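Report on the structure given below.
Lettered A, B and C in written order, each chain numbered from 1.
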Amino acid sequence: MDTIERSRITPAEAREHLVDYVHTIDDGALQDWPGYFSDPCLYRITTRQNEARRYKLSIMLCDNQAMLFDRVEAIEQANVFEPHTYRHILSDSRVLNRGQSSITIETSFICVRTMISGAQMLFASGRYVDELVRVDGAARYRSKIVILDSSEVDTLLAIPL
Amino acid sequence: MDTIERSRITPAEAREHLVDYVHTIDDGALQDWPGYFSDPCLYRITTRQNEARRYKLSIMLCDNQAMLFDRVEAIEQANVFEPHTYRHILSDSRVLNRGQSSITIETSFICVRTMISGAQMLFASGRYVDELVRVDGAARYRSKIVILDSSEVDTLLAIPL
Amino acid sequence: MDTIERSRITPAEAREHLVDYVHTIDDGALQDWPGYFSDPCLYRITTRQNEARRYKLSIMLCDNQAMLFDRVEAIEQANVFEPHTYRHILSDSRVLNRGQSSITIETSFICVRTMISGAQMLFASGRYVDELVRVDGAARYRSKIVILDSSEVDTLLAIPL
């Protein structure tokens, strides 16, 4: 279990963490994905309709590092998915909250999915609500909530967003 | 009628105004949309073909606060549109002009539309040409021109861009 | 043949060069496109599958200014393409390498294509890997590699990306 340091995180540092995070996914380096989170943590994918109704339903939910690693293993070992890659495009981040030892930002994004066949589609749009803390000197997600605009969730949702 | 202050507006301030503007629309808080403009103002949606030919045709045109509020009321009261939401993604802004009391920037954007059914589409792409002035200490749009790349304008254009 | 100056290039300067570059293409000012490169240079479009396999195959390859100008002339004189325009949206840039007289950055992007009929599509996604040097006081691309996510390359690829 990580010790959270009493140390401010700047908006620029939070943004850099997000940029690295999406590049890691887009590059297919999924084994590095859990390292962006603290332990314990909250990684949750939901929809804006669920959020608006304050439903606690999640499309995906992990609350510690072991679950994140299980998720990666499942993706890499299961061969039920046609290989595909993502490309995230980020719009500007806005600071929602700044504390002595955490920062919360929100960021609109879209994600394009490319199948191995070459077929491409706009796969997802929405916003990230990210709370970061400092662990061992580095920024980590204590909580990352992915709020998708569409409630029509593709059954191919395998790679984390 | 607003008094425009003799006060410079920085590119960062103009950008922040734009980021807040698109979040307001994407969050569905349309009642706050007119507040981004000065009074009088110019809000115009046109196409790049019209612009290239210097046609004065507009897809939407409002030149004062009352018209902006009328627009919001029409959207909220009319039930002719299937409910939908937008997600704007902004590319970098460029400064086109800086004066003693105004700044003009341009910004490429895309907008994804999500219907209540969950269906999503790339709804619009284009660029904003925004002139900002300062009123009561805060940045406001004196003029916001939305130049769409496509002249095939969806008849569902209801929510402002 | 250009003389490369021993002068650092900042990430901000590299980013500004990229923003101007994509605006030049999106505005249709193709005659200005070669001016973004040094001479000699490398402009290459490839796919992530080719890159992953270290294949040297290119979809487009130019290694000097004359070839870039030939490319522009071919596009402007040939009437085999239905007129269309691009809209690039850039995500954040990351610095890959900084030297005494060059910088290399990578940037995720998407590009929307609009036909004269008004039809729009998500045309390309991928990342730029750009090496910049200084020539006559200004930043120029010594190398610009466009790595497309999809290997299904549209035969309409005419305008540079």
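Rule of thumb we're sticking to: contacts are C-beta pairs under 8 Å (C-beta built on N, C-alpha and C of every residue); 3 or more make two chains touch, one makes a residue touch a chain.
Note that this is a predicted model, so its numbers are computed, not measured.
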- Message: Please tell me whether the contact surfaces of chain A and chain C are same or different in residue numbering, using the over-half criterion.
- Response: different
- Item | Superposition rotation for chain A onto chain B, Cα-based, multiple of 5° | 120
- Note on the structure: CA centroids of chain A and chain C: separation to the nearest Å works out as 29
- Task: Scan chain B for residues touching two or more other chains and write them down.
- Result: 89-90, 110, 122
- Contacting residues of chain B [partner chain A, same complex]: 15, 19-20, 22-23, 26, 85, 87-90, 110, 112, 114, 117-122
- Item | List of chain A residues in touch with chain B within their complex | 48, 89-92, 94, 108-110, 122, 125-127, 149-152
